[in-house]
Every structure is written in structure tokens, then in C-alpha cells.
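Two complexes follow with chain A in common, the first pairing it with chain B and the second with chain C.
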Partner chain A sequence: AEENAKPRIGYIHLSGCTGDAMSLTENYDILAELLTNMVDIVYGQTLVDLWEMPEMDLALVEGSVCLQDEHSLHELKELREKAKLVCAFGSCAATGCFTRYSRGGQQAQPSHESFVPIADLIDVDLAIPGCPPSPEIIAKAVVALLNNDMEYLQPMLDLAGYTEACGCDLQTKVVNQGLCTGCGTCAMACQTRALDMTNGRPELNSDRCIKCGICYVQCPRSWWPEEQIKKELGL
Partner chain B sequence: VLGTYKEIVSARSTDREIQKLAQDGGIVTGLLAYALDEGIIEGAVVAGPGKEFWKPEPMVAMTSDELKAAAGTKYTFSPNVLMLKKAVRQYGIEKLGTVAIPCQTMGIRKAQTYPFGVRFVADKIKLLVGIYCMENFPYTSLQTFICEKLGLNMELVEKMDIGKGKFWVYTQDDVYTLPLKETHGYEQAGCKICKDYVAELADVSTGSVGSPDGWSTVITRTDSGDSILKQAVEAGIFETKPIEEVKPGLGLLEKLSAQKKEKAEKNIAARKEMGLPTPY
Partner chain C sequence: SERIVISPTSRQEGHAELVMEVDDEGIVTKGRYFSITPVRGLEKIVTGKAPETAPVIVQRICGVCPIPHTLASVEAIDDSLDIEVPKAGRLLRELTLAAHHVNSHAIHHFLIAPDFVPENLMADAINSVSEIRKNAQYVVDMVAGEGIHPSDVRIGGMADNITELARKRLYARLKQLKPKVDEHVELMIGLIEDKGLPKGLGVHNQPTLASHQIYGDRTKFDLDRFTEVMPESWYDDPEIAKRACSTIPLYDGRNVEVGPRARMVEFQGFKERGVVAQHVARALEMKTALARAIEILDELDTSAPVRADFDERGTGKLGVGAIEGPRGLDVHMAQVENGKIQFYSALVPTTWNIPTMGPATEGFHHEYGPHVIRAYDPCLSCATHVMVVDDEDRSVIRDEMVRL
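Moving on, here comes the complex of A and B:
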């Protein structure tokens, strides 16, 4: 009976670089315990050798979806039917991220041109953006899921709707709105060093921006999880 | 109205040199230096001197001397949060301290609670000293006060201060003041919706308000912040007085904190009425 209580998780790999999966495995200290005793990985390329996609409590989807790749489209539709919860895992699945720059014409399949966040095609329940998401946020999200801590997960539920991301969100959604205080959190969070602070405001080098959305997600003026912060600090 | 806290005392550094360099009681410099010496932290991100006079740049201080070089308040932006990543990644610091104004404290705490993209950085921050802050100014606003309104040169300025209803500028020979109504309207816009005057999410918060000249009002909040301050007092780094026994006392701090919250709530409501986004 205990065996059945473990959440059944699938890992579905679309157009991404496997960086998100690698970040997951960087939780060395809890990984063995997690995989052995806390969850069942029931589906996933290289992890579980299965022909048929089984029913899942949670599907982690890495990578954006290519509109010209019928196999990906089919897999995405099927996982939505088979999974109770679908998580856009990493920025490619959540916002399109780097694949937003694709214009086709590349090998090995020149016609693969259009890559979109999975929420453009299916209902997504939660998103964990990041390129990749940090090992810590993955661990915290998994623990929250196991404990059914919906309050901690709420921002991730809300972020499922944030699919059009860009470093310029800082200008249009923060600075232009009279919200920026020049704290520098966005520039710290940027994973590609596309942001610097000039005269107390973020300055974007758009050549380096991969549209992952992390700068805006970490900005203390985009959304503000006061209760969760106080809970963690014991205040 | 002062956030959750464990203890509030009036304190100042017992180090003569820090007393001379510091804005008020030398709490930030003294506490970070103590934490460095004791190995509680290996380095600290502070607002150090920049290329232009009074335009600070975040810097990583690894010694007390470097901390002392960064002592004193600068009334414009120093994006210290950005430097935290460099301190961890480029300096290899595993235990990091920093000083932050309330909005920076919020950015850091959010990154710790929800570290989406800040891989192995947020967990390294072991001591966050918050400073009281009513508002911050773009650098050009400071130039307006000092160069245009007071007719001074930035490089002649030895110290700036805000208190007793005035903006104070000290040069080697003279003291100049501007009434605060002359500085109003030059604050950055983002401060208008900020409800946090006393860095409510820091480990330890400090600022001059509530204590006599040369002293600071120190608020301990987290377990770690409280224990570090107590150790420092025990070690003779700071002398303290009960906050009840000093003038002007806690009443003034509470009053200013309540005023900031009230003004912010008004501005938030006005923004909502206009259909503008706010995070609160």
C-alpha cells in the first residue's frame, strides 16, 4: 500500500538541451532518497524503458514544442491526457527561452522552424522557469509537491501563464511602471550576463538575452511572496 | 510597525577609527568586521567608492580595512545584490555578508525563498545587515542638491546625512543644509510604494533614528542576527544602552515607519485606481 502512495512522475523531453534534467540530478544529497523512497519515475527517455506512456501524477516537461515535429505534438497531447499535473520544467517549456530565436533552415531538419512554449498548445498547471532552474528550486518544489504545500507552489501556478518573456520586461513591466528601485536582483539572477546596472537601472544587452524570464521572475517588484519569506526566516 | 524583532538597543562601535568614519554608530562596519574576524563570514558585499565622487559601486570586502574604506552612507544606488553572485562565483566565498536597504533585502530574501535562477548563490548569504531607508535618490538628484542648490562641488563633500527635517552636507570646513521640502520630488519613483522603512526582513537592522548623535538604533530579527549581535557586544565591539533610556527614542522610529507605510498605502491605492500594476 505504501508503494502506491508514492507520486508517479514522468519526464518528457521535447526541444531542450537536457540542462534542466541535469540540474535536477545536481541535488546529490537528496537524489538517492528521492528516487528510491519518495517518488516513482514511471516514464522518461533514458530513465524508463517503456513503449506506452502510463498514467502519471505529474509530468515534468523539458523543452519547447516544435510545431513541425508531429511526434512532439503527439507526445504533448498524450501526456496532457495521461498526467494529472503538467509542469513546464525549465524556461524552454515555460517561455520558449532560447528556442524563441529559431527561424528554421538548420540541420538536421531544416523545416523545424517554429518552437513555442508548451502552454501555447496544452493547459499547463505550473511552471518552473530557469535556464536551467536551480537545483534548489527543483528540490523545494518537489518537497512542496510531496507535502501538498500549495501555498509555496502558488507562484509556480501563476507563472504557468507567463509565456512571453524577455529581458525587456524589466523596462516595460518594471521601470516603465514606476516600480524599479535599482536593487540589482535582476542582474544577479540573469543566467547569461545579459544584464548590468547603469545609473541604478537594469541595462539589457539583447544580444545575450535568451528570453528565459528569470530576471522578471526574481524581481521583487513583479510578485511578492511575503508570507512564504517570513515563514522561512521564522519572522 | 517595526516588523518582527527580538530586541532593540541603542549602540555604537567602540573602535575610535570606525566612530570617525561611520555615518552614525558604526554598526554596519563594526558588525561585518566582527563577523569577518570571527569567520562567521568570509567576505562582505558593501557599497564602496566608485569612479565619481559619491557615486558608489558595489564591492567585495575581504578585510576590515576594505570595510572601513566603504563606511558611511551614500544616498544613491549601489546595486549590491548584483555583486552577491560575483562574490560567490568569482571570489569563491562560501559564507557571505552584505549590507542592504529594504528593497535590496526584499530582492535577496525572495531569491532565497524562490531561487529559480540563482544557482547556489542565495544559500551562501549568512549575514544580512539592513539599513533604515525612507527613499533613495538618482545620482543626478544629489548633483542637483549639492552643485545647483548649494553651489558646491561633489568632490568637496565629506559626508551627507538626512535628519531633523534637513539634508546635511559636510565639507572640511563647513556644514550646509537643505530643508527636506527642497529634496522632495527628487526621490526615485519606485520608493513611493515601499512600505518598509526599517528593513523588516534583515537579520539585523540599523539606522540613526531613535538614538542620539553618534549612536544607532539596532534591531535584531532572526536567530542568527540576534546571536551575532550579542556575541559582538559580549566581545566589546559595541557599547549599548537600553533604547528606553535614550532620546529621541523608539517613538520617533515608530512614527517614521508608520508614516512611510501610510504614504505607500495611499500611493498603492492611487496606482490601482489608475490600473497600474503593483506587487503588493
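Moving on, here comes the complex of A and C:
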């Protein structure tokens, strides 16, 4: 019975770079424990030799999905049927990230031109954006799932709907709304150094922006758990 | 004869298929290996954009070997813009790559562990890999800004030098890591040699190709000796040719092997061939790379400039960046003119190896096929980002390059 209690996790690689899986493995101090005792990796050709997609408690999906690649579409549809929870793992799966700039025309498959976040095609339960997400947030999300701590996961559940990301979200959704406090979290969070603070407000270098969305996700003014705020303030 | 298909091949990066024709005893008579990973078209994405965009995008070709792609990209653009990178900048770039070699080879040991490591040693082996990676990636993080997709390797050099305190700390950290790496390399080589793989497995007669023992040297890559053909003119099976997602690069008209064994053959007189030799070369290279990283940290001047001033408008010169990635020679080519990338092409390690890997399975039982494939540490996201030259005629290729 103890054996069966371990959550069954699958890793599915679509059009991504495997950087998110690499980040997961950068949980150096707990990786051996995680892989041997805490979870069962039941699917994922990067990690294990299992070809038949089984039923899974959680599917971590890395990469956006190419509409011109039939194999990817079938795999995505199948994993939605087999997984209780589907997680858009990393920004390519969550927001499309830089594959939003794809426009095809490259050999040996020039027809591959449309890459979209997986939520455009299937229902997604939670998203962990980042290019890649940090090892820490991946570990914390997995542990929260192990403990069924849905309160901790709430921001990630809400992010499943954030699929059109860009550095300019800071301007349109934060500064333009009078919400920016000039804290600089966005610039600290940016993984390509596309953001600076100018006059206390974010300044975007769009030549370096990859549309991963992490600046807006990390902005303390971008997530409003309204019910919780009302409850805590007695409103 | 029977046909064995492994799709996708496992414990490697990306999606690929191995198709083997076998005789009555199960011996492979013909092996073909090809990528089926969708083509995101990164070369086309960066065309028309600012030079600064290229390294940011193309490092995302692959999250397993992003460092070589970043370096090859900035080197190609440096060359196109005729930039002379200051010495300290060059050293920091090489330090980033040396640390990455140690990290990436350790990752490969994690992926091949089920083939060689007995169950009772598995947790120890994973911990050994993790301990080495933790320290190697710490160096990449500190020097290059981000461990997986480095933000601070820039056109003209590096974004910043490291501080004197950081240099001393990194030096001490890597010195302390040395006995651990030595022990790990000995363990892995012992387990691989004791596995009893058949003698001669994976041996082929194709030439090796490498430009430098560790870093890469654009002057050792001769564009005139390079050609590329489409899958249709390489694979004799039309169905495979249609589905294959990468083109076939040739050097002197022949498919080659690149990677750790190729580097040791070219620069250290290494003579061994085949699967075991590839694993041994990869393990030994961890020691060479670590020694070089320590040497650089010893000689680095932390008060010296690390980035050159440059004019990013460009003259349309075809720049070449040649970097020895963990999996082999990674060549990026870029032309900058009017402040935009006009042409971009990436000729990446696994693409070189793909046409060599399939035939290397031949002559042994098909159950050994995956062993042969994994000895190359294939990385398929990379291999889908190759240049277009839809012709077998070399002169046409050169003309097209010049014209572009």
C-alpha cells in the first residue's frame, strides 16, 4: 500500500528545450530522494524507458505545441485523458514564450510555423511559468501537490489562464492601471535582463524580451486573491 | 528481414526515432536514426531582428546545452562586426564553457545511470552527479548570470567582470571539487568498462571532427569543406526522409563524429573507438575541463575590461562562431547589416552525429542499438535548427552564402 501511495508523475516534452526539466534536476540536495522515494516517474522519454502513456496523477508538460505536427497534437490530447492534473511546465507550455515569434520557413520542416501554449488546445489545471522556472518553485509545487496544499498552489492555478504574456504587460496592466509601486521585483525577476528601472518604473528592452511572462507573474500587484483579502481585512 | 523501430528513443533530449533492419539472429544490418522533433525555426525567428536578440533566442535552442549556443552566437556576431573581445572577457567565456562541460557530462551520467549503475549504487550515483553539478552550475550562475539560459554572455564580451572576492571563492570551490570529480570519473569508467558490452560495439569508420580541445576555434572550421544535404537525398527510405526533421551535414563529403571522443582523437592522440571509448572520453574530459576552469580563475584579472565597444550597424560580413559544446562542434553563422541580422544559421553538434549514429548500430544485436545512440549523448532540440542548403553541389552552396 505504501508503494501505491506515491504520486504518479509524467513528463511530456513538446516543442521545448528541456531547460525546465533541467531546472527540476537542479534540486541537487533532494533529487535522489525525490526520484527514488517521493514520486513515481511513470512516463517521459527524457528520463525513463516507458513508451505506453499510463494514467497519471500529474502531467508536467514542457514546450508549446506545434499545430502542424500531428504527433504532438495526439500526445497532448492523450495526456489530457490520462492525467488527473495537467501542469503547463515552464513558459513555452504556459505562455508560448519565445516560440510566439516563430513563423516557419525553416528546413527540414518549413511548414512548422504555429506554436501555441497548451491551454489553447486542452484544459490546463495549473501553470509554472519561467524560462526556466527556478528549481525551488518546481520543488515547492511538487511538494505542495504531494500534500494536497491547494492554497499554496492557488496562484499557479490562476495562472493557467495567463497565456498571452509580454514584458509590456507591466506597462499596460500595472503602470497604466496606477498599480506600480516601483519596487523593482519585475527587473529582478527578468531572466534575460530585458528590464531596467527608469524613474522608478520598469523600462522594457523589447530586443531582449522573450514573452515568458515572469516579470508580470512576479509583480506583487498582478495577483489579487480578492476573497482572501476581504476575509483578512474583515470587509 | 525484420524491422525494429524505437520511437521515441529514450533518456536523451528531444524526440527521435531509431529504425533498425535485423536478420534472423537479430543482428542489425541497417540502422537509421533521425529526429522527429518539431522545427521551431529559430534561425528564421532571429532574421530581421537586432543583433542583441540573437543570443537571447538561440540559447533557447536547448536547455541542456545552452552555453555553447550562446557562445557560438556571440562569437559569430563578434566576427561579423569585427569585434576584438578583451582578454578578460575571453577568459570568462571560456570559464563558462569549461564549467558547463563538467555539468553537462555529469547530466549525461545521470541519463545513462540505468544502463551501468547497479540498483544499490543508484542513489549514490545520483548524489555524486548532483554534487558535481551543484558546484559547476554555481560557477555558470555567477559568471554568466543565469545557470540554464545565461543572460550575461554578450556581443563584445561579457556584461560584467566578476569581483575579486567572487574569483577567490570560485577558485576555492573548484579546488575542493577536484577530488570529488576524480572519484566520480573513476567510478563511472569502472562501471562502464565492467558492463561487458560487446567488443567493437559502435565502432565505425567515419572521420572525427573537432576544432579545439576545450573552447573552439573558428579558424579550424573550413566552410569550403562543408556541405549539407536534405534528408531526401540521404535516407533511402522515402517515408523516413519525409519525416526526418534535420538536414545532413558533411565534411569533405563524409558524415562525421563530433564530441568528446572526436576532440581527444584530434588533440590528444586518443585511438579508441566505439561506445565504451565515447563514454571514457566524456568522463576524462570532465577532468580536463575542471583543470582549465581552475587555471582561468587563477589568472583572471578582475579589474580588467570584459566588453569591447562596437558599432552594431555591421557591413554584411559572414561571421562564424565555432564552439566545442559537450556534444561536439557547434557552428553558428551570422551576417549583420544595417543594425539587423540578415542571415543566421546554426550547425549544431547532434546534427553532425545523426547520420553517423544509425549506421554505428550495425553488426550487433538490436538490443544494443539504444546503447550506441546514448553514447553520443544526443540532443534533438538542437538538431532541428539547421541551415538550408537544398543542393548537393558544393559550389552552389558557396554562391548562396556569398549572395546572402
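One rule holds for everything that comes next: the second predicted complex is superposed on the first by the 223 of 235 C-alpha atoms of A that agree within 3 Å, B and C clash if a C-alpha of one lies under 4 Å from a C-alpha of the other, contacts with A are read in each partner's own complex, and residues count from 1 in each chain.
In the analysis below, contacts are C-beta pairs under 8 Å (C-beta built on N, C-alpha and C of every residue); 3 or more make two chains touch, one makes a residue touch a chain.
As the structure is a computational prediction, the values presented were derived from the model and not from experiment.
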item: Joint occupancy of chain A by chain B and chain C, clash or fit; value: fit
item: Contacts of A:C131 with chain B and chain C, given as first, second, both or neither; value: both
item: Partner chain in contact with A:H13 - chain B first, chain C second, else both or neither; value: second
item: Centroid geometry (CA): angle chain B/chain A/chain C, rounded to a multiple of 10 degrees; value: 110
item: Chain B versus chain C as contact partner of A:C180, first or second or both or neither; value: first
item: Partner chain in contact with A:Q191 - chain B first, chain C second, else both or neither; value: both
item: Which superposed partner A:W224 touches (first chain B, second chain C, both, neither); value: first
item: Partner chain in contact with A:E113 - chain B first, chain C second, else both or neither; value: second
item: Partner chain in contact with A:H74 - chain B first, chain C second, else both or neither; value: neither
item: Closest approach of chain C to chain B (Cα atoms, Å); value: 5
item: Chain A residues contacted in one complex by chain B, in the other by chain C; value: 23, 131, 191
item: Chain A partner contacts - residues on chain C that touch it in the complex; value: 8-15, 36-45, 49-50, 52-53, 56-57, 60-64, 66, 107, 110-111, 114, 122-123, 126-127, 130-131, 133-134, 137, 145-149, 151-152, 159, 230-231, 244-247, 381, 384-388, 390
item: Chain A contact footprint on chain B (complex, rising order); value: 3-4, 58, 76-77, 79-85, 101, 103-104, 106-123, 136, 138-139, 188-194, 200-201, 221-223, 271, 276-280
item: Interfacial residue positions of chain A with respect to chain B in the complex; value: 23, 128-131, 133-137, 140, 155, 173, 177-185, 187-191, 196-197, 199-200, 212, 214, 217-225, 228-230, 232-235
item: List of chain A residues in touch with chain C within their complex; value: 13-23, 25-26, 28-29, 31-32, 35-36, 45-51, 66, 68-69, 71-72, 97-99, 101-110, 112-113, 115, 131-132, 191-193, 205, 207-208, 210
